[in-house]
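Worksheet for the structure shown next.
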Amino acid sequence: MKKLLIKNGTLITASETIKSDLLIEGEKISAIGDLHVPDTGVIDASGKLIMPGGLDPHVHLDLPMFGTVSSDDHYTGGKAAAFGGTTTVLDFIAQPDTGSFQISIEEWMQKAEKASIDYGFHMNVTRMDENVLKEIPSLVDQGITTLKMFTAYNGRLRLDDGNIFRVMRAAAEFGMLPMVHCENGDVIDILVEEALQAGHTTPVWHARTRPAWGAGDAVLRTAMLAKQADAPVYIVHLNTRVGLDQVRYARENGVKLMAETCPPYLFFTEEHLERPDGAKWICSPPMRSEEDNRALWTGLEDGSIQTMGTDHCPFFFDGTTPIEYEGEKIAIPGKELGKGDFTKIPNGTPGIGDRMPVLWTSGVVSGRITPNEFVALTSTNAARIFGLYPRKGSLMPGADADIVVWDPNKKVDYGVAVAQHRTDYNLYEGMKLQGFPELVFLRGKLIVEKQQWFGKRGMGQYQKRAPRAAIL
Amino acid sequence: MKKLLIKNGTLITASETIKSDLLIEGEKISAIGDLHVPDTGVIDASGKLIMPGGLDPHVHLDLPMFGTVSSDDHYTGGKAAAFGGTTTVLDFIAQPDTGSFQISIEEWMQKAEKASIDYGFHMNVTRMDENVLKEIPSLVDQGITTLKMFTAYNGRLRLDDGNIFRVMRAAAEFGMLPMVHCENGDVIDILVEEALQAGHTTPVWHARTRPAWGAGDAVLRTAMLAKQADAPVYIVHLNTRVGLDQVRYARENGVKLMAETCPPYLFFTEEHLERPDGAKWICSPPMRSEEDNRALWTGLEDGSIQTMGTDHCPFFFDGTTPIEYEGEKIAIPGKELGKGDFTKIPNGTPGIGDRMPVLWTSGVVSGRITPNEFVALTSTNAARIFGLYPRKGSLMPGADADIVVWDPNKKVDYGVAVAQHRTDYNLYEGMKLQGFPELVFLRGKLIVEKQQWFGKRGMGQYQKRAPRAAIL
Amino acid sequence: MKKLLIKNGTLITASETIKSDLLIEGEKISAIGDLHVPDTGVIDASGKLIMPGGLDPHVHLDLPMFGTVSSDDHYTGGKAAAFGGTTTVLDFIAQPDTGSFQISIEEWMQKAEKASIDYGFHMNVTRMDENVLKEIPSLVDQGITTLKMFTAYNGRLRLDDGNIFRVMRAAAEFGMLPMVHCENGDVIDILVEEALQAGHTTPVWHARTRPAWGAGDAVLRTAMLAKQADAPVYIVHLNTRVGLDQVRYARENGVKLMAETCPPYLFFTEEHLERPDGAKWICSPPMRSEEDNRALWTGLEDGSIQTMGTDHCPFFFDGTTPIEYEGEKIAIPGKELGKGDFTKIPNGTPGIGDRMPVLWTSGVVSGRITPNEFVALTSTNAARIFGLYPRKGSLMPGADADIVVWDPNKKVDYGVAVAQHRTDYNLYEGMKLQGFPELVFLRGKLIVEKQQWFGKRGMGQYQKRAPRAAIL
Amino acid sequence: MKKLLIKNGTLITASETIKSDLLIEGEKISAIGDLHVPDTGVIDASGKLIMPGGLDPHVHLDLPMFGTVSSDDHYTGGKAAAFGGTTTVLDFIAQPDTGSFQISIEEWMQKAEKASIDYGFHMNVTRMDENVLKEIPSLVDQGITTLKMFTAYNGRLRLDDGNIFRVMRAAAEFGMLPMVHCENGDVIDILVEEALQAGHTTPVWHARTRPAWGAGDAVLRTAMLAKQADAPVYIVHLNTRVGLDQVRYARENGVKLMAETCPPYLFFTEEHLERPDGAKWICSPPMRSEEDNRALWTGLEDGSIQTMGTDHCPFFFDGTTPIEYEGEKIAIPGKELGKGDFTKIPNGTPGIGDRMPVLWTSGVVSGRITPNEFVALTSTNAARIFGLYPRKGSLMPGADADIVVWDPNKKVDYGVAVAQHRTDYNLYEGMKLQGFPELVFLRGKLIVEKQQWFGKRGMGQYQKRAPRAAIL
């Protein structure tokens, strides 16, 4: 089996920082320690940090929406992720409108065949009946151990509280983890309709029609349902101070509730949506206020928030002009679809590749979080919560050799020219970064070296996930 | 005009305690002060406290339920109230299944013709469409300024969040006050069905199928809807610690949210429902834990809870045996209807007459609240919140001469033999009370003297209420 | 006895709003109601609000400090107060450095002989020994029922926690109320010394050397001591969000803790101290941040804060230039004493006359608080808490006829030209007020009519206060 | 170098669980992974858990107190610790009454020469002046990076707030960590004196004279001082719900505050002090209520509390009767010293050996915390916080080979007969444990195998600690 020895680096895990060599054998980390291995390739990682490859627990690749599709597929998206240090992503499968989960699973499995990095799937549950309930345990057998539900998007994605409760109990029974998108769908629908009738069409109305308190209320509602179901629960993309207050309330009162936030919610506000190019910041839930930004930072610092996802779902700002990508000219309709009607702006922002470098600079370099907390937030916690541990999120022997060699001194002027997402803009345009991935390995294979790509279409593998995973 | 002078008493208002005479002219208090009025009847109230007649903001008289009817009607219920010091009640009108509010208003007005004390009405909104929305302002003209909604009782009484939000906005527009019954209807329905299927039929399952956290979650949901609607809101019968935590959270975060609790929630727990006669304690939301009892007391003490209602809705424990009442033998089916099926136990407890004496002893005599806070909680705050002020809830000149002369030294062994409710049990059986009404006046007329009744069928008057009332 | 009838006004009390006449006989309110009194003067108060005269529970008149003296004495200060609607003030007596409280009581009684409005005294306890402890009950006999202590000003005013605890227990025993100035004296002293050594001499260093969290910590410390002593306690001049959080924590956990804030803390921040004339805003505790301003407003709105004092302790900004006052040229050294050394700036701001008009406009006109809450905050609550009730703070018969006839429509461009304080600046310069006192009566005598003064030197009377007063 | 290979076990670190071999070379862990090492001893750890040796951050060995001495010295105490899985302890050096820290350091170094396991020292700072301040950085050079202070024990150990603040700033400057014992010394002294005067001499008065709220107040005070000093801070032996509330408040508001609790505070209450043998539970701060027990568990579960110490400071319950220990008859005066005067009962409980087994059963087996959290709480977090990481608290290559092989299925009836402390009682007498150490290694040497001791007097080594350690 092919061996590779990384010497002289500093291993950073979720709880430990240690100078140690690391041996890759085939696809696995086989040993760490003071290692003397004859006949093997050696990489000198002096002055570098060795971290587990990032795990982005929340992405949407190749997702049809509003008559177009999110502009990164499993190949381009995974590649962009890898440039930012991420080697595994969890995508969401849409439940089919009728019939078995199986229909969608096959469809998504097929989409993902081209994947450039490893991937797993969450299952959306947006429709419930006895057949759906009966089919849930079969998901576990296929390595899908999470059930995403929505308290918003009435008539499309939302389940009522009773069905969320039912799903949570099934989840508890089979060791699965419910995930909840927290907003108040009822109120949103009313406000949206009224805004349009009143002629309010600009991007900022996307935020104005989605009450911030609705996100907070839905967190407590979710906590209540989970408590009653005796299930753990995971809040996706927490974006408000009120929501964080309720996350803390739930956790301090014994609810097994975990929370994810996404980088944009730490930086941007509704004012960004008021800009002429405000559509770039459109996603759901929306950007909020500086008070919310600050609160979320404290939530990261004190451990109330356990993971950092991206909700990566990019669109071109101008999807009418073809741009070159992977050797072809691409024009995928994008944010311009919503000109004159904010409800038609495709929802989503790019971020899969930004996540780790942006959080390193803003979190670690600033002193807000430690390198270990960075690893926990971007990789290990998600691996543990989502049943990929110890295969992913770990530098321990036996783990997949998904490894980032991080150069803590590298300075980068960040923006669309550096980021590798298939889109024409970047939210962090002009941000000065310090610290960036230098080498990225996927199961032992070098896929990124500095700004060069060595990965291949289809080299990403599907990751079955284990039930009864950790509750953090 | 007939005059009556009450001399030498101590007036207790919501904020003041003062030795003063009080002059009644006709139906009104015409003056207070050091009064020398020739040719008038005089009552010497030395050693007694003069308080405004109580206002019970939450009663259900003559209410059809589960094939029977709440056993106090507007005559007997008002009379029982008066013996406890209460001279005005607010009853709830059921929205008709189809058609105009007007249908029900006429029905309820007719039921109340026999009323022995003054009364007003809240309107339940349990069905929404454009016609309903249009009719809302007409309620204000008729003196109905409150709109009660439910987050539970799916398919019967519940409105979804969107419709609650719509009603709240209408309320805000017309100066009305939304009121919300806070529980999670979805989860209750599921748990009830399962409990029955599992053969759980005893009274305690009423509590076990109604999650306490559901009540708390619904408070925050209500707060969110009110915040978004820019409406004030009133939480009825708060019964949990979690709910109180959320009341405080909402108020500290600027939501105009007020809360009511009821005496039983201060004293009783789910364990009472486990007794052989547990059905006596069945109402919704149910009795909870000692921790909840304690929390609600602190809510009363620190002002987080503004009013004390009763949710009076009595039934006989044994409705099969006729008992004598007002000179006739009465047998109204009661709690026995639910033998073998807790869902068929009529929901409700007696309390209209217990409210003031029980709170005086447990709250004032114990030192937890002041006499002024007692008046605020049992009369003035409700009068202000519900637009009856300054006609009711006040001892100020111009107010209706609804007056209780309270003997703070009177000792009473309380129970069904003393309370005047038309039912065969009392929740406070055996409680030692200190302090009790001695005289009760309704608009200047003596209706109670010690344990003797001087009121008459039909002397109660309908009270139109004013919009844009106080927010406390 | 001379009678005066105020007709057609609207009485505003702490809990009630009522159209009623009000009869003054001699110094007292003798009756309210629909009054027909022959042979009496009549004032028509149509369109006006009748409120109890304000009670400012926290003033420092004629107080020696830093080699000068606060520039309002009991005559000029009371007069300024009256123009703003306040008819009673509570001043603080300094405990003598050695010997009996009696020495200071006599001194302060003498200073106050010229008082233009009614007054009472709190007693500072800044030195403790067995003799002091023994003398405490004698204060009650003289109508001094409050004991002010400091957790700051080491070596001058501060008592250690043990002695605060001892005083609190004595207070509990004799029905007195401890009051606490909450800051962390130890840390302040260190920071001040260092700032001076570092050459930081400008006014803003006054704020920078007094940690905001120290104020919050001292609130919880005070709550703890009161809980252990089973005493009520009153926090003076609450100025921080952290402090308010702890006020709520204490109250929700059953501590009998009440809190006062002062108007400047609702409006101004440390940035005001950075201005060239920053010394104008110097007082202790200092102005803080906008977050603190906002928090204090919510504390007023939700009842966490019960009273509004002023800590009135004015100095001239430029005390070197004589100005004309009461017919003489006055030059009292003021803020200029601290040029070049912020620790020498006399501590204090004017405010006795601003309090009610400023709070009316910013609180009532803005909709944040009701007129009744205004009365509670500016008069009744303090009267109740400090044992002056029902003589003061009330419009009830038997109360002193301290009455403000308030014109809610009067517009005033406020500032030093309107305010009557004996100083050369006003913190609210340029503020547009709506609502202002039109007539002010002190025990039945008209002392202010619009901007005209009818009071007299020495007409203010000492007010003995009752122990075992209300806990709100 | 001698090698030892532990095969087939499951490594448990603070964040990871992984099947892996582990190689010990000499005193170090040299590698983990799938290891094939010729010519080495092999231990088969199938079915066993491999954890880093425990680190008890809070012990008092050989500590003179009240005319006697804590009954475990560095030999017996370390041995008892090892039987429970702990391989490193941090003891506290008393600052000498006069003169240099160096005097005490030498004394403590000498006491510890007999140590059976590794050890480090915290330095008490109980006296402050310029010399003390100047000497602080020299401690860092000697590997003492923590400064323990007390808000209680006036006149003996306490520093006033100002001096705590000064020490904290020095700590911040030199990368040291202040630690604070949180109680209100002033109030304790008063209550103790009074209790004795009133003839209250039994053990429970120890608790009754130490207010629980005083502990909570001191947490916020400490947080405030740390915030102002911009220093991290560590709260020792948190024992109250109010204290935990304030820990959370501080952390959510950005203070770098960490907290330790000790096992007894999770199990015992003041009622245990009311027993005839109540003296067994005497330590400071004292046992509190069941509400406090419950709160502390939630603090462990949600991460608000980061470490589990013991405050091990054992005394014999009956120190008059010699017992056999290490081959000699020992009689060390103990709890009986306080017969008839609770203030003379030596303060402290045994616990150094109980800590890990008791927490495993009550925390991990019960499902409250994960095995990883167990390792974090008992070893890794303390190693990181106290600058011993990555040498201690880790299973990573390069770490000291301090290893516990834990048998998760071992059942033990716990009590004094099993625990190895040199005392005649155990607080957990009769507790049924599941999970217990089977093998314990100290720097590669086997020191415990089941109930057999292989360690030696003096084999423990002094551990210099690094400054600027982690903040969790």
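Going by the order they are written in, the chains are A, B, C and D; count residues from 1 in each one.
Simple rule for what comes next: contacts are C-beta pairs under 8 Å (C-beta built on N, C-alpha and C of every residue); 3 or more make two chains touch, one makes a residue touch a chain.
Please read these numbers as outputs of a predicted model, since none were measured by experiment.
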item	value
Chain at maximum distance from subunit D, centres defined as averaged CA atoms	B
Between subunit C and subunit A, distance of the C-alpha-averaged centres to the nearest whole Å	55
Gap in Å, rounded to a whole number, between the CA centres of subunit B and subunit A	50
Residues of subunit A engaged with two or more neighbouring chains	253
Touching chain combinations (by label order)	A-B, A-D, B-C, C-D
Residue ranges of subunit C touching subunit B (in the complex, touch as defined)	11, 13-21, 23, 25, 29-35, 248, 251-254, 298, 301-304, 370, 372, 376, 380, 384, 389-390, 394, 396-399, 470-471
Subunit C - residues contacting subunit D, complex	154, 160-163, 165-166, 184-187, 189-191, 211, 213-214, 216-217, 220-221, 223-225, 227-228, 242, 245-246, 249, 253
